[in-house]
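Look for chain A in each of the two complexes below; its partner is chain B in the first and chain C in the second.
Entry: the complex of A and B
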C-alpha cells in the first residue's frame, strides 16, 4: 500500500468513525437506533438509498461490463433503475405507513400473527446474509488488488468496520456512511467522466469513434448480443431485477427513516436521479476504458472487468486518481454491507427478540443491548463465512438475493396491501414456496451444478442461471393458491384498517 | 375497536368504528383517484420495460439500425427507459400532492369524529 492510498484510506476510516461516535452520543432510544427517529429529509434519505443500493457490482462491475461487452453492459443497468418505479408507485408509502422498524411490522399490521412475523424476519436475514457474503468476498479480492492488502486482512477490516458502525451508531451512522459514500462515488465518477470527455473535445461521438477502433467487436460493440445471448435468461434476469428491488429489506427499512409520505416519495425520486445519472456516467467510464486502457489490456489483466474503473483512473490521472478511486470503491462496499448488517439486526432484535420472545414488552435498554449483540454476531458470522469462501465463485448469490426478494417479499407485500381476500395461510404458503423455489432452482441450476466449475460437478438439472422466471411465479402462485384453497378462511386480517392506514397515513394507536 | 369482532359489532350497531370510515365518500374518492393514476402508470412502465428485451429478441434488424451515429434504435430505446423513470417519477410527484391533501383531510375528519390519531 503506498502513501497516497494510505492517506485516503485513513481519511475514510476516521471520517466514518467520527460519525459513528457522534451517532452513538446522540441517541439512546430504539427509534433512534433503528430508524433515526424518522428525522432524515427526503433528499438525505434518497442519497442514503442510492448508497445502500449501488454496490461494487454497480460501480466496478457495470463499468467493466460496458468496457468489455458494450451495449449489453449498459443494458444490464436498466433493470436496477426501473425497479424503483414499482417501489415508488405501489410499495414505499404504504410500507412507511404500516411499519415502524421492519418488514415484519408491515405484515403484522394486517395479520397480527407471530408466525408471519418470524417467517418475514427469517427471509430478511437470509436475504441480508446471502447478499453480504459476495460483497465481502469481492471486497477482499478487490482490496487485495487495489491496496495490496491480504484477502483475509481486507475482509476482517471491512467486516469489523461495518460491525462497529452498526453496533455503536445504529441506523444514524449507517445512513451517514451511505450518504457520504454516495457523494464520494458520484464525485469520483463525475470527475473521471469529465476527464474522459475533455480528451475528446467534449464530444461523445469522437469518443465512440475511438471506442469503435479499439474494440475487437468494431461497430457491433454498440449492438446487443455480447453478454446476453440467451433470450430466456435475459428475460428471466430482467424480471428478477425489476421485481427484486421492491422486496429488498435493506432498501425497504430505509423508508422508516423519514417522517411522512411526501418525504418517502422524495427519497425514491432522489434515488432514481442519483442512480440513473450514475449509470449514464458509467457508460462514459466504460467507453473511456476502451479508449484509454484498451480492450485487450483490460481483458488480459482482468477478464471479469472489475478493474476497469481503477485502471482507467490510473491511466488518466496516475497514482493519485487511482488511490482516490480505490478509496471510493472501498467506501462503496462499506456502505452496502453496513446497510445489510442493520437490516438483519433489526429483524433479529425487533421481530424475533422483542416481538416474539418478549411479546413486545422488552425494555428499551434490553432491546438496544440485544440489537448491539446481534449486530456483533452477524458481523462476526459474515466475516468467518467470507474468509472461508475466498476461492469459490459466489457472485451468483447477488442475483439469488434478488430472486428470493422478488419471490417471497414481493407477493407478500403486494397481497398484504392490495388484496382483500389474502389470508394467513396464503402468506405462509407463499413465503415458504417462494423461498424454497428460489433456493432449490439455484441448487439444481448451473451455478451449483456444472461439469467444469460447479460446487457439484455434473450437468445441471435445471439449465437456468437466472431462476427468476420460474421462482417468482411460483412465489405468487403459492400465495394465491394458499389463499384460495384454504376456503373461507377467517384469517384475512383486518384489511379495512390496513387500507385506511396504508393509503392515508392515519395512525390509530 | 380495531380487531375484526369490533368491526362486525360496529356495523351491526351502526356505531362508529375506525374501519367504518372506509365506506366514507372522501376515502372512496381518494382510492379511486389513486387507482386512476397508479394502475395505468404501473402497467405502462412494465410494458415499456419488457418491450426492450422482447424487441431485441424479435426485431434484431430493426433494433440494430443506426439512429444517430453510433446510436442504434436499441440505444434510443434503452435511454428512453431512463427518461421514462424520471418522467413517471415527476408526474407522480406532482399528482401525489393532491393525494396528500385528501389524505390529510380524511385524517382530520377521523379525528373530529373521535378516532384518536
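Entry: the complex of A and C
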C-alpha cells in the first residue's frame, strides 16, 4: 500500500470511527439503537438508503460492465431504479406505519402470531447473511487489488469495522456511515465525470464518438445484446432486481429511522434521485473508461471490469485520484455491509430474543446487550465464512438473495397489506415455498450445475442463472394457495385495523 | 512529499499565529454567535476573505511545477507560476462557522483576488474558493448541530476541499500530463496540512468561546453563592451587626481590599484596608454615594479626578457603589473598594450589578415574609378575641333566668363571665401563656357552661404537677373542650363526661381531651383541623384555628390527632416543654 492510499484510507477510518464514537455517546435506548429514535430527516434517510443500496458492485461492477458490454451493462441500473417506484407507491409508508424496528413487526401487526414473526425474521437473517458474504469476499478481493492488502487482512479489517460500527453505534452510526459514503461516492463520481466531459469540450456526443471508435463493438456498443443474449434470462434478471429490491430487509428497516409518512416519501424520492443520477454518471464513467483506458487494456487487466473506475481515475488524475476513488470504494463497501449487519442484528435481537424468547418483556439493557452480542456474533461468522470462501465463486449468492427477497418477503408484504382474505396459513406456506423454490432453483441452475466449473459437474436442470422468473411466481402462488386451500380460516388477522393503520398511520391504542 | 508537507506546515504556522490573534479580539468572539443577519454575513465574509487573501501570499510558489523556496510578495504572477498553500483554510472555516452564505461570500472575495493575481490554472484556483466555502457551509449544517463544529468533524470535512481543488485543476487544464504530475506531488500534502489546519483552527475558536462562557458561568455562580449565603443575615434586618457580617462575607467571597455597607446616611460597617479612618457611624459625604442614593443606579468611581476617599493616605483609589433597594426605595449602599481603577473590569461591574439586584430581591422577599407572618398573627389575635356570640347570649340568658330565683348562682355566673372575659382580653395580647393560666380560662368557661347543662356534664382533670409553668399558645384547650360540648355531647341527655389529661412525656407535654359522646362522623374526621368546617353554630374556625396555630408555633409534630372511641372521641396533641426554645426555632 503506498502512502497516498494509506492516508486516504486512514481518513475514512478516522471519519467513520469518530461518528461511531459520537453515536455511542448519544443515548442508549433500543429506539436509538435500532431506529435512531426516528430522528433522521427525509433527505438524510434518502442519502442513507442510497448508501445502503449502492454497493461496490454498482459502482465498480456496473461501470466495468458498461465499459465492456455497452448498453447491457446499463441494464442492471434500470432494474435497480424501477424497484424504488414499487417501494414508494406500495410498500414504504405502510411498513413505516405498521412496524417499529423490523419486518417481523409489520407482519405481526396483522397476524399477532409468533411463528410468522420467527419465519420473517429467519428469512431476513438468511438474506442478510447471504448478501453479506459475497460483499465481503468481493471486498477482500477489491482491497487486495486497490490497496495491495492481503485478502485475509482486507476481509478481517472490513469485517471488524462493520462489527464495531454496529456494536457501538447501532443504527445511528450505520446511518451516518451510509450518508457519508453516499456523499463521497456521489461527489467522487461527479468530479470524475466532469473531468471526463472536460476532456471532450463538455460534449457527450464527442465522447460517444470517441467511445464508438475505441470499442470493438463500434456502433452497436449503444445497443443491447452484448451481455444478455437469452431474452428469458434478461427478463428474469430484471424481474428479480425490481421485485427483490422491494423486499430487501436492510432497505425496508431504513424507513423506521424517520418520524412520519412525509419523511418516508421524501426519503424514497431522495434515494431514487440520487441512485438515478448515480447510474447516469456510471454511464459517463463507463464511456470514459473506454475512451481513456481503452477497451483492450481493461479487458486484459481485469476481464470482470471491476477495476474500470479506479483505472479511469488513475489515467485521469494519477495516484492521487486513484487513491481517492479507492477510498470511496472502501467506504462504499463498508456502508453496505454495515447495513446488512444491523438488519440481521435487529431481527435476531428484537424478533427472536425479545419477542419470542422473552415474550417482549426483556429490559432495555438486556435487549441492548443481546443486540450487541448478536452483532459481534454475526460479524465474526461473516468474517470466518468469507475467509473460507476466498477461492469460490460466490457471486451467485447475490442473485439468490434477490430471488429469496422477491419470492418470500414481497408476497408476504403485499398480501399482508392489501389482501383481505390472506391468512396465517397462506403467510407461512408462501414463505416456505418461496424460500425453498429459490434455493432449489439456484441449486439446480447453472450456478451450481455446470460441466466446466460448477460444484456439480453436469448440465444444469434449469438453464437460468437468475431463477426469479420461476421462484417469484411460486412464492406468490404458495401464499395464494395456502390461503385458498385452508378454507374459511379465521386466522385472517385484523385486516381492517391494519388497512387503516398502514394507510393513515392512525393508531388506536 | 515529506519535505513539501513540512514546508506547508511551516507556512500554515504563520497563518495560525494570525488566527490566534483574531480569536483574542473580543468583538470577533462575540460575532461568532450563529444568529446571522445580512450585516454580520458581510462582516464575516470580509474578515475571512481578507484572511484568505493573506493566506494566498503565505503559500508556496510553484514555477513550472517545481517547488521554490522563499518569497513573500509577488503580484501579479507570471504565466507559469502558481501558489499553493492554505488559502482554502480561511474559506472553509468561514463556511463551517458562518454557514453557506459566509463561506460563499468570503470565497468570492478570495476568488476575485486570485483572478487578478493570475498565474497558472487561474480559473481552477479561483473557482475552488467559493465552491469550498459553500460546500463547507452546507456540510457543517448537515452534520452538526453544535455552534462551532467539533474539530474531529472539521478535520474530516477539511480533507475534501483540497480534493475538490485538485479535481478542478484536472478539469480546467490544457495540459493534462503536466497537471496530473502537479496533482500527484501536491495533492496529498495539501489534503493533510489543510485538514489539520482547519481542525486546529476550529479547536482554537471553540476554546475561545468556552473561555468566554465559562467566565460568565463562574461569575454567575459566585453571585448566586453570595446571595444564598447572605440570606440568613438579611433575615435579621439591616443593622450594625448584620452589616458587619455581610461586609465580611462580601470581602471574603469577592477577595476585595475593602467592603463597606451603609444605610442612607451612615456607614454601618467597613471591613478591610482603610478601616482606621473608615469607621462605622461615619457620614456618607462623597458625591458618588449621594448620586447612587439619588438615582438608585450603580456608580463606578474609577477616574482620578473623582475621589472615593478624602483621606490623604488612603490606598483605596476606586470603587463600585451598589445601591440596595427595598420595596423600590434605596435603603442602603454597598461600597466595593479597589486599589487601582484598572482592577474594575466589565466583569466586576456586571457582578456588582447582579449582586445589587439579587440582594434587593432577597430583602424584598424577607420583608414580604415578615409582613405575611405579621398579618397572620394579627388575624389570629382577632379570632382569638372573638367570643362566640351564641355563648355570650346563652350566658346572659342563663343569668337573666336565674337572677330572681337563684341570685347567688346568677352572681356566680356574672363573676365567672367577667373572669372569662378578662382572661380573654389578657390572652389576646400575648402569644404564649402558662398552662395554669390557660386552665383558669378553661375553668371559668366550664363554670358558665355547667350552669346551663346542670347535671349533664362532669369534667375530670388529671394533671402532672411539674408542667404547670409550661408555656402554651392561648385558646388551645378551651376551643377543643367547647367542641366536645357542642358536638360530641350535643344529644347526650345526662352522664356526659369530659376528661382533660395533661402529662409530661419525653420532654413534651401530652394533652388529651376525651369525651364519651357520639364521636366524630367518619366523613369529617380526616378534614378536621385541616380545613374550615361548615357550622351552624359558632364561626366554624375553632379547631382549624387551633391546629394551624399549633403547627405554626411548634411544627408538624404538634398537630392535633383525632380518634374515635366507643363511645366518644379523643383529641391529642403534644407540645415541647421547653417552649421558649421551640418558639425560637420554629
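Basically, the second predicted complex is superposed on the first by the 509 of 509 C-alpha atoms of A that agree within 3 Å, B and C clash if a C-alpha of one lies under 4 Å from a C-alpha of the other, contacts with A are read in each partner's own complex, and residues count from 1 in each chain.
Criterion: a contact is a pair of C-beta atoms (placed from the backbone, for glycine too) under 8 Å apart; a residue touches a chain by one contact, two chains touch by 3 or more.
What you are looking at is a predicted structure, and each value in this text was computed from that prediction instead of being measured.
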Partner chain in contact with A:269 - chain B first, chain C second, else both or neither: first
Just to be sure I read the superposition right, which of the two partners does A:235 touch: chain B = first, chain C = second, or both, or neither? first
Figure out whether A:320 sits in contact with chain B (first) or chain C (second), or with both, or with neither. second
Is it chain B or chain C that touches the larger share of residues in chain A? B
Quick one: is A:222 in contact with chain B, with chain C, with both, or with neither? Answer first, second, both or neither. first
Give one of first, second, both or neither to describe whether A:136 is in contact with chain B, with chain C, with both, or with none. neither
Quick check for you: in the superposed arrangement, does A:499 touch first (chain B), second (chain C), both or neither? first
Check chain A for residues that touch chain B in one structure and chain C in the other, and list them. none
Listed in rising order, chain A residues that touch chain B in their complex are 71, 74-75, 78-79, 81-82, 84-86, 88-90, 112, 205, 208-209, 212, 219, 222-225, 231, 234-235, 238, 242, 261-262, 265-266, 268-269, 272-273, 276, 279-280, 490, 494, 496-497, 499-500, 503-508
Using the touch definition from the top, list the residues of chain A that touch chain C in their complex. 3-4, 7-8, 11, 14-15, 18, 44, 183, 187, 191-192, 194-195, 198-199, 316-321, 323-324
Note: in the complex, chain C contacts chain A through residues 1, 139, 142, 152-153, 155-156, 159-160, 163-164, 166-167, 170-172, 176, 180-181, 183-184, 187-188, 191-192, 195
Chain B residues touching chain A - in the complex, by the definition given at the top: 2-4, 7, 18-19, 21-22, 27, 30-31, 34, 38, 41-42, 45-46, 49-50, 52-54, 56-57, 60, 63-64, 69-72, 74-75, 78, 81-82, 84-86, 88-90, 92-93, 96-97, 100, 103, 106-107, 110, 115-117
